[in-house]
Structure formats: C-alpha cells, structure tokens
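Below, each structure is written out as structure tokens.
One chain, subunit A, links the two complexes that follow: it is found with subunit B in the first and with subunit C in the second.
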Partner chain A sequence: MTTLLNKTNKKALIERLNIFTAFALGALAAIVVWRLSLAFLPADSESAPLFTREDKITLLSMIAWFVGFMTGIGALIGPFRWVQGKDLTHEENMFYAGKDLGVKRYFRYTTDHKVVGIQYLVITMVIFGIGGILAMLIRTNLGTPGGGWIHPQAYNSIVGTHGIIMIVGTIIMVTGPFGNYIMPIMIGARDMAFPRLNALSFWLIVAAAIPLIWAQFIGGISTGWSAYNPLASQAPLGMNGYIMFICIFAISTMVAGANITTTVVRMRARGMTWNRTPIFIYGVVASVALALPAFPVFFLSQVMSGMDRALGTSFYNTALGGSGWLYENLFWIMGHPEVYVILIPAVAALMEMAPVFTRRPLFSFNVAVMGIAGICGLSVLVWAHHMYISGWAPLLNAPFMLTTELISVPTGMLFLVLVGTLWRGRLWMTVPTLSIFALLWNFMIGGITGIYLSDVPADAFLHGSMFVTAHFHYTLMGAGLTGAIAALIYWFPKMTGKMLNKRLSWIAFWLTQIGFNVAFIGMFFVGLQGQPRRVEAYADIFSKGNLITTIGAFTIMVGMLILLHAVISSWRSGVKAPMNPWHAKTLEWTVANPVPLENFEVLPTVTSDAYGYGRSK
Partner chain B sequence: MSLDTHANPHHEHPDVVGSRNRLGVILILVADIAFALSILFVYFYLKGQNVNDMWLPKATEDTPAITPLSSLSSWYVTAIAAFGLLAHQFGLRGVRAANQTQLKLGGLVALVAALVATVYQNMQIANAPFTFYSGAYASCYYLITILNMVHLILTVFIAFGNWNRSRLGIYAHDHWHVDIVNIWWIWMTVSSLLGAFALSFA
Partner chain C sequence: MSDLRSPGQDYFQSKWWKRKDVKQVVVIWIIATALIGYLSSKIQVIAMGNPASETMENVIHLITVFTWASSPVAGFVAALALQALSQKRHHGDNPPPEADHNISSSPRATAVWIIISALLCLFALVVGLIALQKDDQALLDRSAIHVNVTGQQWAWNYDYPGSTGVRSNVLHLPVDQPVVFHVTSKDVKHSFWVVQMGVKIDANPGYVTQTAVTPNEIGTFDIRCAELCGLLHAYMQNKVIVESKADYEKWLASQPDTGHTTWTAEGAIE
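What follows is the complex of A and B.
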C-alpha cells in the first residue's frame, strides 16, 4: 500500500472513500431529505400548479443524493483542502492516481487518465447494454401491428429512456474511453491537465445515472428524449429524474471539455506542432469544444423545466406568459451541435486508422482539419431546422435550410479525406478497415436523407415520421457507433494488453452491419409510407416494414452480444498483444504494455507527422 | 511519427502549471458565460413575446397587478461585487510586489464584500413582492437573482480560500492562484452587471 498508511496507524479519509461509501452516503442523504421534506414542506395552495409539492420533494431528494454521492466518493476533498490551505501532498496525489491499488483503483476517485478511460469504457458498454435492451423491447412490441404487450404509458417511457440513454452513450463513446486513455499518450503527456477534474467528469455520470433509474419507478419519462415543454411540465414525477440526469451530465460534459481542451493546447509533446498533431486529437478537441458552450444551454432549459414543475414558475407555461418555443430553441441550440459532438470524434478515429491500414499518408490533412472546423462553425447555425413545422419564425426557415444544406460541404470534405486515403492504398483488411467502408456507406445514407429533411417542403411531409428515426440512426449509429467500435478494436491492445479475438470481431461486424441496414432501411420505407414515430401501435399497412426492422434489430443484438463476448473473453484470456500490433506511428504505440503510471519515463520530442508511411504504388 | 527523447524532470515549473490552470478556468467560464447569456436570451425572448399579455400580469379579482421592480438593488449588488473585485486586485498587486500584508488585506476586504453582496442578494430575493407563480417577469426575476446568488456563494467560498491561503503565506513565491481567482471575480462582477442591466428593462 501507499505511504499514507505508514504515516499513521489509522486510515486517512481519502483512503476510506470509494464507490460503496458514495452509494451509502448518497442514499442516506436522499432518504433523510425525503423524510424531512415530507414532514416540513407545506401543502400547496390551491392556485399552485399540479405536482408542485411532490416535485419539490423528489427534486430535493435527488439533489441530496447527488451531493451525498459526490461527497462519499471524495470529490469535495480537493476543493476543501484548497480552502484550508492544505494542498494534497505528493503521496496523496500518487494515492489518487491509483498507485499500487490494483483493481480497487477502478472503484475510487482515481485520477490516472488510463483508469478513467477504462471506467468510461465500461460505463459506455453498460449504457449501450441497457439502451440496447430497451431497443429490443421497443422492436418486439412493434413486431406486430395493433399494439403489443407493453402498456402504452410504459412503452412511452421506454422510448424516452432509450433515446436519452443512447444519446448520452454516443456522446461519451469516443471522447470518454479513448479521449481519456489514448489522447494524453498520443500527444506525449503524462496525464490530463486536471486529473481530479477528469475523475470528477466520470463520477458525475455515475451520480447522474441513479436519478434516471429512479425516474423509472415514479412514472417514467413519457415525453421522448427531447422532453418538450409544456408536455414535460405535465408529465409524471419521473420527469424530475430526467431533469437531474441532464443537469449532472451537462456539468460532466463541461468539466471534461475544459480539461481535454487544456490538455491538448498546453501539454502536447515538444515538437508536436499543430501540423504534426494527429487528426484524432482534432476530432476530440472539436467535439468537446463544441459541447462546452452548447451544454450549458441544455442545462438551463432543464433548470427552468425543474423550476416550472417544482416552484410553479412559468417559463414554458403559456397561460402565465411562458413559451413552448423557448424550450424548443434552447433544446435544439444544444441538440444539433450535439449530433456533431457525437460524430466528429468517431469519424476522426477512423481517419486516424485509415493511414495505418492503407500504409499511406492521410489524404490532405489540411482538408480534414478544415472539414472539422467547418462542421463546428456551421453546426451552431442550423438548430431551427428541427422546428420548421412548429410554426416558430417561418421567415427563418429558408436561412436555416441553407445553413443546414451547407453543412454537407465540410462533411463531404471528411468523406474526401477517407476515400482519398483508401484510394490505391495497400489495404490491410481488418475490422477497422471494414468499418471505414461501413461508415462511408452508412453516413452517405444518413447524410443524403438528412438533406431531404433539411428541405422545408420535404420536411413538412417527413417530419415526425419513422423516416426521421431511420435517418438519425444512420448517422449516430451507422456512422458514430461504427467508428467507436472500430476505435475499440484498434486501441484494445493498448488499453488491455490483449488482442481482441479476430474471428469473433469479424462475425460481430458483419452481423451488426447487415442487421443495421436491414433494420433501418425497413424503417425508411414505413416512414415514407407515413408511419409516425413514437407510436405504440400502427396500422396493418406498415406491418411488413416493421417486421423487417424487428428482424434487423435482433440481428444487431446477436452481433453486439458476440462483440461483448469477444471483448470480455479477450480481456480475460486473450492473446498477449505486442507493443505496436498495427505498426502505427503515433506516440501511444511507443509505450509498453501495460502503460506505466506516468506513461513516459522521459518525455518524447516529435520530429515529423504521424502519417509518414510513404506513398503507395 | 519519428521522435527523439529528452530528459524531463517530473516536476513542472509553477508558471507552466499556472498558465495551464488559467486556461482551464477560462474554458470553464466559457460554459458559465454561455449559461448566463442564455438566461439573458430567455429574459428578452419572453419579454419580447409577452405571451398572452402575461409578462406583467394585470390585476384580477384575486391578485394584484405585477409591476416591475426597480433594478436599483441589483445595481447595488453589482456595485458591492465591483468593490470586492477592486479589493481583490489591490491584493493581487500586493502579491506581485511581494507585499504580503497588502495581499492579506485585499483578500480580507474582498471576502467581506462577497459576504455583504450575498446577504444583500438574499434579501432582494426574499423581499420580492410577488411569488414564483406571478407571470413570466417574476420567473425571470427569480432566475437572474438566484443565478447571481449562486455565483456569490461560490465567490464567498473562493474568496475565503484565497484569504486563508494568503494568511498562511502560501502565496509568498507564486501568485498564480490569486491571478486565477481574479479572473473569477471579473466574470462574477460582469455577470452581476448583465443581470442588473437586464432587470433595468422590465
């Protein structure tokens, strides 16, 4: 154990805190506040809106959970030690970094970026697991027309929970595991700029999960993932779980954004100029930098939603001067940049892999950077294309149509870079290589259908239909998740020291991609026929398309289960990975397996870019 | 990627750490600035829309008309915050000139100013002559003042830490923390000013 124990015979406070104390203190705080609120909160006056007292009690209890959990995990020790003037000692910092703690470090407020990366990887898989199960429930219910076996209210909640949980999962799926584990090594740093903030960003997500689970037992989230107001103001108490979940997650995103950006700007290795910085780093920074100003707007939208419910304010209550359009604006000001927060790092990961598996330089690095920058710039100017049909500012429809269609230009630049890199390359056919082709196919479909939806007259017909659902699954899952899985396979040897089972990963890839295309092309058809989204029952005319979609969804499930099996079995007893199995040239492949605590004994100096593979014949 | 290596001691120079910390704080403030600007957007959007003529509800049989409050008290809070900022900057100049007494004095006055502003802000919220149910203006009024209150509570925490660390002589050789606290003070004062500005246009 560390020297902390040797100084005194009793354990220091930071040694006592872990996930168990966090859950215990969080639960205790929630129960105490719940009981006190029940006892002392006055009954509502007759003029108060519905639910107000119950909402107050629920939200107060959830806030107490949050404070208790973060105290119990040890997140507040740093700030309070700063105020006391007793900064953490070197030994304490090493303890926080997880030195000599073995597997226990994964259950503590550990600051080592590699531990945080693994924690993110596991929680992302858990999130996708839960979201996937909910997707299977939805598809099973929709397998036959006329309503299924799930109660409509429960079905609505399943749809809403599936939506928000998958959105969060896709937001963190690349920047969380690989942005934390790989990125600092890739730029030649010993850790993140703010290791304790790094741990904070992860544990905030764990803290946020409980209100979302809690919500399922108090009425669920029956509004869809967008939780439009005033619908959300009138929804059951479970809506408070959604509000808390988003608020805590938004804080996590902001903290991670500041941390990752600072790390890249200030801690790149000597000689790593911006021209020599790997394209994956650009993708990660673009993603978090985009999220940094976008998520506070979402946070505010939920604070006001909570105030409307618990305090009776009227931000969204039109009877008292509020506006539903206000919510829609705030939500989509975050909501559309968020699509690119998800997509950019996944595409950038594939751009990072393309030179490795084609053995040629990245085709036009500058175009790739300009494409990423162009997407970031335009993505904040397109939000109202989600609101064409809402009646808000019809005069603005044309400008928003133009900006939305313009975004296909920088997106096309990223396509160009990928195709240009593949062109006449000596392809090494691995699953990441296949994933590049899959991304090009899926993202092309997702992108082109997106152009239809950005068109005001076409959107008037397609809005709110299954066509929209298929479109965004093609972008977020077909492109985003494909890139993330490729990143997992590519960096798995560095993160675990083992090679991912090749045969199983090939089977998983093909099953997932075939299932995916079957599922969502079927969904396009029923959408074009006019089936609305978020419905629990549908007419017979849509039955064939829905059956195809359900068959496709189950095929995806089988593929994902095989991938999960491959990950777990390879991690436990896979073939030991060499230091650089792909013969890649970025810095993470120059460090040993397992990566030492501070990554580099001596910091590297970079003297050329990462894509010096020569030219293909 | 070809590379050389060079020996690099794990210990980093305080200026390297300090400038990194400053950038991190500025980036976190970007998020807070986006949050505050969104609140201003909400205020002016709802005021501009005046949905159902309920920005300032007229009198009914049961409730009196809602009239806009004077923004003077918000400006007072801003003035106290600005005074605290000046006091902190007085301390900052002290630490840059290696004058520990000036640092401690500036930090203490800034702490007291933060406390006074917090109490005053709390009184402003508690004494508002309407409830949360009193229309869109009242909702926005509470939103802006509560945000300022949260900022001020954070400022009290930070100012106390800053003063305590000054008292313990921690800033004898390195003034980065005082510099970074100064960035927070500036933003907190600006955000208070923005809130007071918005409330001046009821």
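What follows is the complex of A and C.
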C-alpha cells in the first residue's frame, strides 16, 4: 500500500487525506477565520441593522469551514495536479476508485460509483433518523392542546430543521443511493461519466451538514424551511447556517445533476436505445434534469438572503426598495419542481419493479415516459400556486390554476402504467409489491387533495393550514418514501450481497403504512377544521385530531426502527443473496455479488427491452 | 418495444366485457366510488363546520364537488388494485410462473384514460373559475364597508370606516353587510384568515392587499394568522364578532377616538 504511489516508504499526500483530515482542516480553518474576523472586522455603524457584524463573522467562518473541509478531503488534488500540468497516473486513479482499500474507501474521496452509492444510502438514513427524531419532538409537543413543553423559539427551529433536512433527505433518497450505485450498472457502464464529480457531490453534502448543525447552537432556524423574508432577516444567527447549507447543497445537486445526465446520455450500453432504456433510468434523469434549472435559483435566493443580512443590501427589504415577493417567487421557482425531483424517481423505481413482481411486461412504456416528461414540463410553470393569497399577482391566479390542474393529466398516466401492469399479472407478494399498492393509495389521496389546493377559492380557505402539511406528506412520504424503501428492499441484495430480512421488513411496512395513514388523515381533519401550520399551541377543538396524528406518528416511528434494525442486522449477518434473486431482466442483475470494481469485464450489448415477461399467445 | 398492433388489441376485439375479471372490476368500482365519495365528503363537511358566509358555503360546495368528481377515478384505481389482489397470489423465494399474456400496451385504453382525465381537469378548472369570478366581484361591491387590517408581531388591529380613528383588536362586523378588508403588516409577513368565512389574504409589509366577504351569521368566529411569523405565531389569533347592524353601530359609537388612521376615499390606508 505505502509503496503504491511512491518509491520511498513515505505515504503520498493523496493517501493521507480522509474524513478525519477533512474535519480537522475544516475546523481549523473555521476557528482561524473566526478569530481573525473577530479581531479585524470593523464595528457596525449605529444605523446598521442588528446582527450585521455577527452575521459577517458567522458566514465567513462557515465559508472557511467549507473550503477547509473540501481541501482536507482531497477535492482539490485533481484540479491542483491539472494546474501543475501532470494528471493523475493510472495507479492514482485506481487508488481514488478505492481499489484494495477495504472499508477505508467509504471514508475517503472515493470515485467508485458503488462506494458513493453506499455513502449516499448511509447519509440518507442518518438524515431520516435525525428528521424523524425532530418529527417525534413536534408530535409530542402537539399531543396536547395549549402550549407544549418546548419553548416556542426552539419549537419553531425544530419545525424548520425537520422541514429542510427531510426535503434534502427525500431529494437524495433515490437518485443518491440507487442513482449512483444501480444506475450505471443498469445502463451497462463501468462508472459515471465524471467519477471525481461524483465523489464531490457526496462530500459536499457532508460539508453542508455542519453549518446546519452549527445553526442549532446559534439561535436555530426559526423560520420554517421556506425561510421567508423579512422573517429570515430578523431571525437569529442560525439563519446563516441555513443559508450556507442551502448554497452548498445546491452545488452538490447541480454537480450530481450534470454528472448523472451526462452518464445516461453518453454511456448506455451498445444497443440500449431510448426505447430499451429501463423506466427507472428515465425517472432518475428526469429528477436530476429538473433539479438543474431549479437549484441555481435556490442558490441565488439564499445568496441574496445572506447579503441582506450580512452586507446590508435590500433585495427583500420593502422599506429600502426590495420585495418579500421576490423571495417567494425565487423560492417557489425552485420549490415546485423540487417536489417532482423527489417524487418522479420514487414512482419510476416502483414502475421498474412492477413487471418483475407481476411477471408481465410494463404496461405502456411510452405512456410512462410521456407522463414523466409531461410532469417535468408543467412543473416549472406552476410555482405561483404557492402564492395565490400572497397578493403578489391576483390576475395570474387563474392561469396558474390551469397549469396546476393540468399536471393531473401526466400524473394520471403514471397511475395508468401502474394499474395496467397489475392487471392480469401474477402477483409475487413481496414488500415491494405491497409498496406498489401503498403508493397507489397514498398518491391517490395526495393527488386529489392537491386538486383542492390548486383551486383558488378553496385554497383561500386551506392555504397555510394543516391540510397542506398533510397533503405534501402524502405525496413526499406516502408516495415518495414508500417508493424509496421499496427500492432499498429491491436492490439491497445487489448493494450489500445479502437479502433483507423478509419478516421484519413486512412488519415494518404495515406499521409505517398504517401509522402513516392514521397520522395524516387526522392531520387533514384538523386542517379542514381550521388549524394553521407551524403552530406550537392550538385550540381545544383540534385536540382529538392532533392526538390521533401523534399516535399515528409514534406507530411510524416503531415501524421505521424495525426497518432500521432489519437493514443493520441483514447487512451484517443476513442470508447471502443470489446474483439475481428476483429473476429480473435488467443489467444490474447480470453482474456478480459483490459487484466487481469496474462492473463488467466485457461491456454488454442490449438487444431488447428489459420487460420481456409473460407468455406470448 | 410497443408496436401499435400489440396483443392488447386482440383483447379489445374479443368480447372483453364478458370476462369475469372485467365484471369484478365494474362491481368493485361502483361500490368503491359510492363509498369513497360518500365517506370523504361527509367527513369533510363535518370537519369544516358551519359556514359563516356565502364564500365559505362555496368553499364547502367546491370541496364536495371535487370529492365526488374524483371518487370515480379513485374508485376505479381501487377496483383494479383490489381485483389484482383477489387473484391467486404467490408467496415464496422463487418467482411465480409467467403471466399468461404479454400485453405491453393498449392504445385504446390509454386514449380513453387521457381523454377522461383531461375532461375532469377541464371540469375542475371551470368550476374553480366560476367561484373565483364571484370572489373577485365581491371586491368591487359598491355597497361594501371597508376595514383596514394591520398585522404585527403577534396581534391584529382593525380600523373602521366612517369613524375618526376607531381601532380595536377584536373585529366587529355587521351581519349581511359586504365588507372589504385592506390588509397590511408592520413587520414581517402574516396571513389574515377569517376561518369560518373562508377568506384569507397575506399581510405584507409595505403593501396593501384586499379580500372581501359578506358575513351572514350572527356570532363569534375565529381569526388566525396562517403564515409563520416568529416566536408567538401560534398565539396570533383573536375573534370576529358579527352582530346586527344596530348593535354594530352602537358598538362603533361607544369606541374612543384613538387617532390612528387616516382614510382615503376608497377606505385604504394612505
């Protein structure tokens, strides 16, 4: 090992960098910049807003953390070598890919897509764990009417943090683990188009996590995940953590989006025409391609927010010529495509599984592609339905109502594909199969309640109420997360070489699905009764519905803990998985367990689509 | 992949409506549609309680219409799903035998599905536009009185017309009298929600937004802030008292002049 890169017995720099050096260098940089800026930044003038100097110091320290961390993990080695005019050698590239590194490769800037996929899987589970704990705190506080036991400031911060990290968790939950691990094998490639960018996109998320945790100790994120201005500009210093988090995460999403799109367009196996490309690939590409225009806007909105706080600009300050509506527009121009960034790959994963577990072809592949494309196209034209009652542009309410309701047509196509595939199939009852039914149920409720909300007069009653909260949990969690968990069970054998415990995952499925429906039907009810969102106290008439929701939420928690136990125990000591446990026909099942470093010895040639099930008459 | 003359065509050319599974689906569909429509609309109406304005009656009506319009779709998906589940199910570690067909598309079913969903979409749009038109017209009502609403962390204040500077923090309104609210905020964004009257409009700092309603029930109703506005957002709520015209005039006359607001001809904040 030590002599791999170097004739002497000294370790080369590239071998020394790992997660520990990254954290050390990041922390060191943050502390140095913090001390320096504390010493040298001039005091604010009397007229300046309250937090400006502290905001500058906090933001500078966080930027220093970010630069230090990325340097410490080794993200700059490649570009640095390139500047020097000597690119990485073959040995160095193999080292980067994690060859012969064992477990250590998961803690390094490793470029192998399979390592990145596992890294994404683990960080997604950590994110859901933290977000879930915060959800439990919220539901415990809301178990009884009147003020709960959490201080309002802390409560608001818990709501905001729960919101933003669950959004991030759901954005990466399918395209992260499965888009990275499975997708390149599924299209018959040896790796992603840009392996180093792949590592970059993952480690950016780790770098982004720290400002968010940091924020909790300097006032929290008390604005909800939407961080509307001017509330955000009067919020405590923790807001800077949110701003940094979003900026870094947005870069990660853009990098991953460019990488995945390029990989799918350029690196599909010989013979894999677009008509023979599995539907899951379409879902992943649609998701990241939709994120490509959306996240730069998010990035920009937060840069402006940070400038308003730290540099005294007035993008959003009405009194000085800015506009809060500008922020709302920028936010939702990202925010509405973003829900489909979450949803599409999860539904596509279930569409991929449907033929396997019904032993018949996917029904109407073309309609599935049309549906995905239609949703992508329309989803960038609907953002202002979040602003019907903001007063920004009342005349635009009717056109935005039209575009929003039109989305039900391509969404209906996805339903058609799923029920069409179930029709006259031979059901193989596995948890992914059950998940298809659960998705139909939950997504139907989420979709129909979306129609109520898209209607302007009805929205004038429902907007900002718990009804909205229940609606988007039905889509993002009931449909999205259900699909992601099914994807985990389906591809677990390929990713870990073990089968996921059937009994435990079956129990987890039923507990989470029943708990979920109890929780959020209760929440629909209190929403219709008139309970606003994001409140830490409520009137007595809402107490029954809230109690039901809290009971449901704890049932979900038990289910999720059982699933976590199943994942950990099966990963460590589960039954060894055969190469193709589901007898599926996509390419990822043609490679051995564990998947060799470069996936295929000979690149495959594809001669038909992957859905050739069923006996022809 | 899916050439146009797929086996699905044969399926339609035979007497498909006589198949057992098709009949099952139709029966479950009818039952599921009735159940879903009835139960959902019932629960929704119970939850939303008694309306205190025509606007709210319209909202309840709209939601009921949407529920009934979408229940055949939900019922159909439920019927297909339940029919699939009622077939012979396979358990075990090895796959079941292959299905007895390889239908990969059905242009006719797809066309029917898309046309029906587009028609339902159009229906929802038209119903919505009619209701929206009514709400917009209410803003232009000449007979309306005007109330200025000012949100601030974490309270609402109301300034009344025809009086010099009456201000209250519990809203008083005369029954059956159209009213236009002019809403703004002193600090951050709030959202002015008169719950049982079904109207809501954001209170933005620096701008004035309008919404209109005609209360038609005497009683005490809720006003809540519907946009997270900081520490005590949950407590930013109070009441609206709707009373007879005489009681309202009496109350207005009894209020002291606080000298708060100046009024323009339209009643908006200057």
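The rule is simple: the second predicted complex is superposed on the first by the 610 of 617 C-alpha atoms of A that agree within 3 Å, B and C clash if a C-alpha of one lies under 4 Å from a C-alpha of the other, contacts with A are read in each partner's own complex, and residues count from 1 in each chain.
In the analysis below, a contact is a pair of C-beta atoms (placed from the backbone, for glycine too) under 8 Å apart; a residue touches a chain by one contact, two chains touch by 3 or more.
Source: prediction; values computed, not measured.
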_Based on the shared subunit A superposition, would you classify subunit B and subunit C as clashing or fitting together?_
fit
*In the superposed arrangement, does A:Thr71 touch subunit B (first), subunit C (second), both or neither?*
neither
*subunit A residues touched by each partner, larger count belonging to subunit B or subunit C*: C
_Touching partner for A:Leu292 - first (subunit B), second (subunit C), both, neither_ = first
*Looking at the overlay, does A:Thr318 come into contact with subunit B only (first), subunit C only (second), both, or neither?*
both
*If you stack the two complexes on chain A, which partner ends up touching A:Pro457: first (subunit B), second (subunit C), both, or neither?*
second
*Check whether A:Asn442 is in contact with subunit B, with subunit C, with both or with neither, and answer first, second, both or neither.*
neither
*Is A:Arg266 touching the first partner subunit B, the second partner subunit C, both, or neither of them?*
first
*Give one of first, second, both or neither to describe whether A:Asn18 is in contact with subunit B, with subunit C, with both, or with none.*
neither
_Per the contact definition in the header, classify A:Pro152: touching subunit B only (first), subunit C only (second), both, or neither._
second
*Scan A:Thr607 for contacts with subunit B and subunit C and give back first, second, both or neither.*
first
*Which value, in Å, gives the least CA distance between subunit B and subunit C in the superposed three-chain arrangement?*
8
*asked:* Can you give me the overlap between the subunit B contact set and the subunit C contact set on subunit A?
replied: 276, 318-319, 609, 612
*Enumerate the contact residues on subunit A facing subunit B in the complex.*
47-49, 79, 82-85, 87, 190, 193-194, 197, 254-255, 257-259, 261-262, 265-267, 269-271, 276, 292-297, 299-300, 303-304, 307, 311-315, 318-323, 326, 329-330, 333, 585-587, 590, 598, 602-610, 612
*Interfacial residue positions of subunit C with respect to subunit A in the complex*: 1-2, 7, 10, 21, 43-44, 47-49, 55-56, 58-59, 62-63, 66-67, 70, 73-74, 77-78, 80-81, 83-85, 87-91, 93-106, 109-110, 113-114, 117-118, 120-121, 124-125, 127-129, 131-132, 134-136, 183, 187-189, 191, 193, 195-196, 198-202, 204-207, 209-211, 222, 224-235
*Where on subunit B does subunit A make contact in their complex?*
1-8, 10, 16, 19-21, 23-24, 27-28, 30-35, 38-39, 42, 45-46, 49-55, 57, 62, 131-133, 135-140, 142-143, 157, 160-161, 164-165, 167-168, 170
*List of subunit A residues in touch with subunit C within their complex*: 147, 152-153, 156, 159, 222-224, 228, 230-231, 234, 275-276, 318-319, 324-325, 358-367, 389-391, 394, 397-398, 401-402, 405-406, 408-409, 412-413, 415-416, 419-420, 422-429, 437, 440-441, 444, 448, 451-452, 454-458, 460-461, 463-465, 524-526, 528-530, 532-539, 581-583, 609, 611-617
